[in-house]
């Protein structure tokens, strides 16, 4: 009689509604794949860490007041360790099915290569997709051989350039080889460097307005390394002088206004290198802000 | 002859006045109590860590120039491990005696439940007390059973609502269940969310002005978790997207202007989870800023 | 279709039977209570860490070959944070019920004070209980006030001396005040210092033989701090020059031979201070060895 | 003039001969491949960490007195990230060339899957190869799909059973599913559990004697997780109650007596999880002991 | 054929130009000296950590676009461990030679005492040198005996006051004894406290303008402890409420405009206390920004 | 009234006698000097860490039963940071005075270079001193320039060879350049390698017997790096395959039998690299065992 489900939660407050207790509505899928990274692996453990933080958060929010909807957790994609083709196929299938049933869907990476496959699962549903990537890196590499999570956008756009309008936010100085910029230009990607964000939000807000007009919906991909390493230490490739989380939130708030939000992913968290689980905790709040500003806007 | 008190300080500078060398004036009391927390314990070790940082700081300050007064360290409340009633009684007695002799007094927690007992020790001296709490959480929980450091303000106001005007600063989104806001409203607490602070300081400065008019003096309670986890990693419950320390200092500067400052506490630091003793070091500076802006103002 | 329960396990081996997959037979109860400790808290998080390690181990064992039985996890005792009386009552009730249905039962602490309550739950079922405690400390303190996990055995024997025969193994030099030895003598406890173990196993094996003859069954309580700090770093109070795990196992093997094993607990692991989860991983193997040497012996 | 090659070595002793200063003789090859692991990745960083420790050790040894030969460092195999087939091909080619020129050759992993490819590179040179594996795990998994470093020996023996006589040393209780033992039996592997080693060295020494008689030379593969986690914390899968390093050395000493030593590898060190680089430092000494006891024996 | 230089870099992108691949032009010298510090030693390991981060950064920069010049690494000054006079002599000689051949030269400390010797190596080349120091501390101590990295500027100006115009930026409240300010005044140092920077950049920009007019060139010395401890945790003496890196960069940008930049040093990083190599990574970017804004300006 | 001296000790047991509460008899001196090390500095912080562990231990010991004598803490030698001559002079003076008043005296280093100066302070009191050094390294370096804690014994014996008989215990394979052995032979040092200890204690016990006969008293110097890195991780230069603490204690027990013990030092602990303060905790017990086996023997 005095027994309960084992947990590390000891506050005896029956009204302490947590995210895990809300109506299970927004689909959430973990993709524990980090076999594509050429850097520091560990993102395979990230979906579980983000979930742990996400589900223990609560529903009181300034302005929005009380959020209503939680997550319908569909589990993890059953990755095939070391097999990029087998796993890519599965990610595409899973994403396709998820998008066919509901938008927006949330994906927890995994290294950033997962975003390519998620988006391939999305392309058949829309004519033109707006893709907004928060990242310190272009991810437009051309590699001679082998995999890297730094080439996915190049690979995606080589095949599906006409399907996407792309904005990149948070590109970091001294973090990319110069040939990247040329590829970005070739693909018509609108690039916002971290230092450009520091100069003011007008240009980027304008670009966000324009991408909404040109597309049928937006997908947001957040590589946590676009944030400064003191806020996001637990990533594959930490960024000195990266963006501050409040800048990211301010831009997200603008992105999700009056738009058809198709999906969201958070990638590149490497828990073995994290401090105090800080990066996963921050990721959890970024996910909630994105979804709830979006839902809040739709209600208005 | 070549022997000295053992320490880890090796700079041979006889003019290196530290806080511990100043006139012992402002009473300081440690309260190593963390047996009320339902989260990550460890705050019992916090008074010693804060002292270590505090006493090794120096007295040169911009604008104020040179501060004169240090701390009269009264030691730690002799807590009764695991006995909340016995310890509460002692905290109340100690606080009451301290306040009868001098204000402001500084208290080093311990978990946040200590503030309730400190304030009970204060109520007989003033008709109306202004209580300003920096915290990511409301601390207004109703628990079915057992203790939590998240219920102290509820318990205090249930008994002594008429004695206090309360402002809460730094309440964090996704960190509280929604029923909290209703209890805050019921008690007439003025609440400032972290995101509200980001919008500007006018409203809060106005509220601070009003609380000064309505009360006989102010007591400041700082739960270090109101700060962003990258600045305050070593707390029971770290906060992503919390306040920045310069925002806290700006508000404190406004609070201590032309006011009767009754006391100050710093709580919820859990040294076992801290990085490089960062959180205690920051707490030490917050304490010094509060007191010296206060003393500086009085001199004008 | 390509989705699975989220986990951090990625090896696709359908025959990889883990402890969690075995027949759910031996009752296991977590007791996340550390509000009695006067030292470094954190043992409240230990049941979950031990479970994580325990359930992911496998069933192939040298000599025993393949073990058959896993755990019937009854969950955690719903502790009342900060309320020692309320929680003690619950532990006693839960233990009593568990022992009434099956022996041996496994308990995962928590601080060592839980053992007192577990044993109180056991006393009605047997006339004389053999208690074998592995511990660097006597846990026979007399405290003036407040709680400590270092007094449970004193409290237990004060009330129920006639019910128990006690052997203590691993008492560490320089880790106890001298008055302890006198109390141990008063209660007739057979004490084996760590340094005595180093001298040979004959005397202790003889004492084990004798306690079996004098009692109706044995209960084993393992305070992980009896082990050297390089093997068990993550405990409340680490022990330099403690026992080596293979010594412990050798003694356990002798204990569980031809005996009625009533129960087993593992206590005092403080995960926030552990390195690489080493101490919980070791605890998990100690639990399995105890049970399987016991079961193996019965089968013979 | 007062400038030197940058390093972290500041002792100005021109006679301080280090391993890196010895005659460059024994071939050494790094294989930074960990894309096969289904557990905790990071072994890709291990060759560099082992080198760092290895090259800074010195040449004075008890009994052997002064060792003469150092390493001819051939660099790292240029792995193809995420491409198991491409990389396997390269490892085989590199190993084949190395073995054709000199034995023994030293390989620094990487996850344990590299050993399969190294040995494939070796099979054409000898009729019968003795393979001695130190490992807590059988590495004989059958996986439904995907890669794991726990299946390499199964894969190797499926194709080349007749080429190898295999001894496994250090198999850990509760670390393997029971079907492993059956596969080991099927392949005629001589298995020595960790607990069997504790019982005495006679049987294993006898088995070592026999394998020497049956084969043309021995290859030693050391998975560092066969060692107790307090000695080898920085591995993919740490082992509680593993072997002690002095036991390993004692067995190695016996292995390399009067034998044709073909090669040696050290695998499964995951530096991101190591403490103070302890595991790489230990690995470096194991390598040196193996080679120098071998060379020392040949000289006699 | 499939072998390569050992490294921890696995991305196979032949166009991935890194700083180490650029034209070797700007002289860079490591000074691994920390035997003067009276605080937490470890800066002797800093040159290697900064190099590691610096050389692996890339050349794409917002606005500047693609940087052309990398570093001509002259190695480390061969310090004489524990011998301050011998080492000082070497630093001076090395600096003198470097400055005679090229400006600006970059120096990687080491504790802050190295800057005194670097500047002594510089004084013969210019009539008046502008020295801009980023530091939380005045470094103007008078010590009774022994060394400290907190006295170098005092020692320098005592001998060479007439050669320098000095600005100090980032002096931290509660981090200096009050007598420092008087010494600063005596030497005519322009001091900018961290809190003064928060009030706006006009005054400091004006002062920077004036120092350019009064001198023949500027030397910048960056003590990493002027930055907030959440951005620069790995320093001898961490600073709570320190400057933010973007403030530093904004000021540096102003400093290097239309000026003759003589040199730059980064000091006081203590890698043993760093988190995730964060402080060295940030230092590397500060160095690159300084040089490239400088070079970029010259080109205009 | 409910206030007490601040501490981190919360067990309310008035009979909990700790080492700090015993009769203050055995002189203890800290020597926080690490400016001679060419390796990883940090030993300057070691005296305080050892004290913290030492004074909180208790007085119950197996066989000896209850120890009576504690330490007369004379404080720390007031080192002159960075000044080896000034500090050496002070260490010699302090040691000389201490030895003139009482033996044995305990010294807490500091790097190992302190032992030279302690022993110089001792030479005038005795005709022939037996020096027993536990160390993984010979400490007989000849350096071209600069300091190192690895040369002290060479320097000492060059000047005072005739005053000392020396035994070195625990010399580690692969940890010394071969020329060391020759110097040891030249000075007639009896050397016991770690691997020799593994072979049995007879030879070393015999050598200990002989040194007692040849000298007027023994001094024991313990460099903690003679212990295996899993037991002593927090040292300047950690040793893989080092000695086990129980071996050290066994030898110490033999050393202090029927002898005139002159002094004892513990050196080379570098707390910044320690794990859980493990190495200081072990050092504290080694000190207590040495002294109490000594005192216990005298009583017999």
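Should a chain be cited, it is by its letter among A, B, C, D, E and F, assigned in written order, with residues numbered from 1 in that chain.
Here is the rule we use: a residue touches a chain if its C-beta (ideal position, glycine included) is under 8 Å from a C-beta of that chain, and two chains touch if they have at least 3 such contacts.
Note that this is a predicted model, so its numbers are computed, not measured.
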Which chains sit in contact with both members of the pair chain B and chain C?
A, F
Work out the mean Cα position per chain and let me know which chain is farthest from chain E.
C
Taking D-E as the reference interface, identify its repeat among B-C, B-F or C-F, namely the pair sharing over half of the contact pairs by residue number.
B-F
Rotating chain C onto its identical copy chain D by a Cα superposition takes an angle, to the nearest 5 degrees, of 120
Based only on mean CA positions, could you tell me how far chain A sits from chain D in angstrom?
40
Quick one: report the Å distance separating chain A from chain B, using the average Cα coordinate of each chain.
37
Cα centroid separation, chain C vs chain E, in Å, comes to 56
If I count partner chains per residue in chain E, which residues reach a count of at least 2?
10-12, 38, 44, 79-81, 145-146, 148, 230, 273, 275
If you connect every pair of chains that touch, what shape comes out? Choose line, ring, star, complete or other.
other
Chain pairs that touch, all of them, please.
A-B, A-C, A-D, A-E, B-C, B-E, B-F, C-D, C-F, D-E, D-F, E-F
Show which residues of chain E lie in contact with chain D when the two form their complex.
1-8, 10-12, 29-30, 32, 44-45, 47-48, 51, 73-81, 90-91, 93-94
Could you pull out which chain B residues touch chain E in their complex?
9-19, 57-63, 65-66, 230-231, 245-246, 249, 275-276, 278, 281-282, 284-285, 288-289
Chain F partner contacts - residues on chain C that touch it in the complex
38-39, 141-146, 148, 150, 171, 173-181, 193-196, 198, 228-230, 233, 238, 240-241, 273, 275
Contact residues on chain D for chain A in the complex?
34-38, 40-42, 44, 79-84, 86, 145-148, 272-273
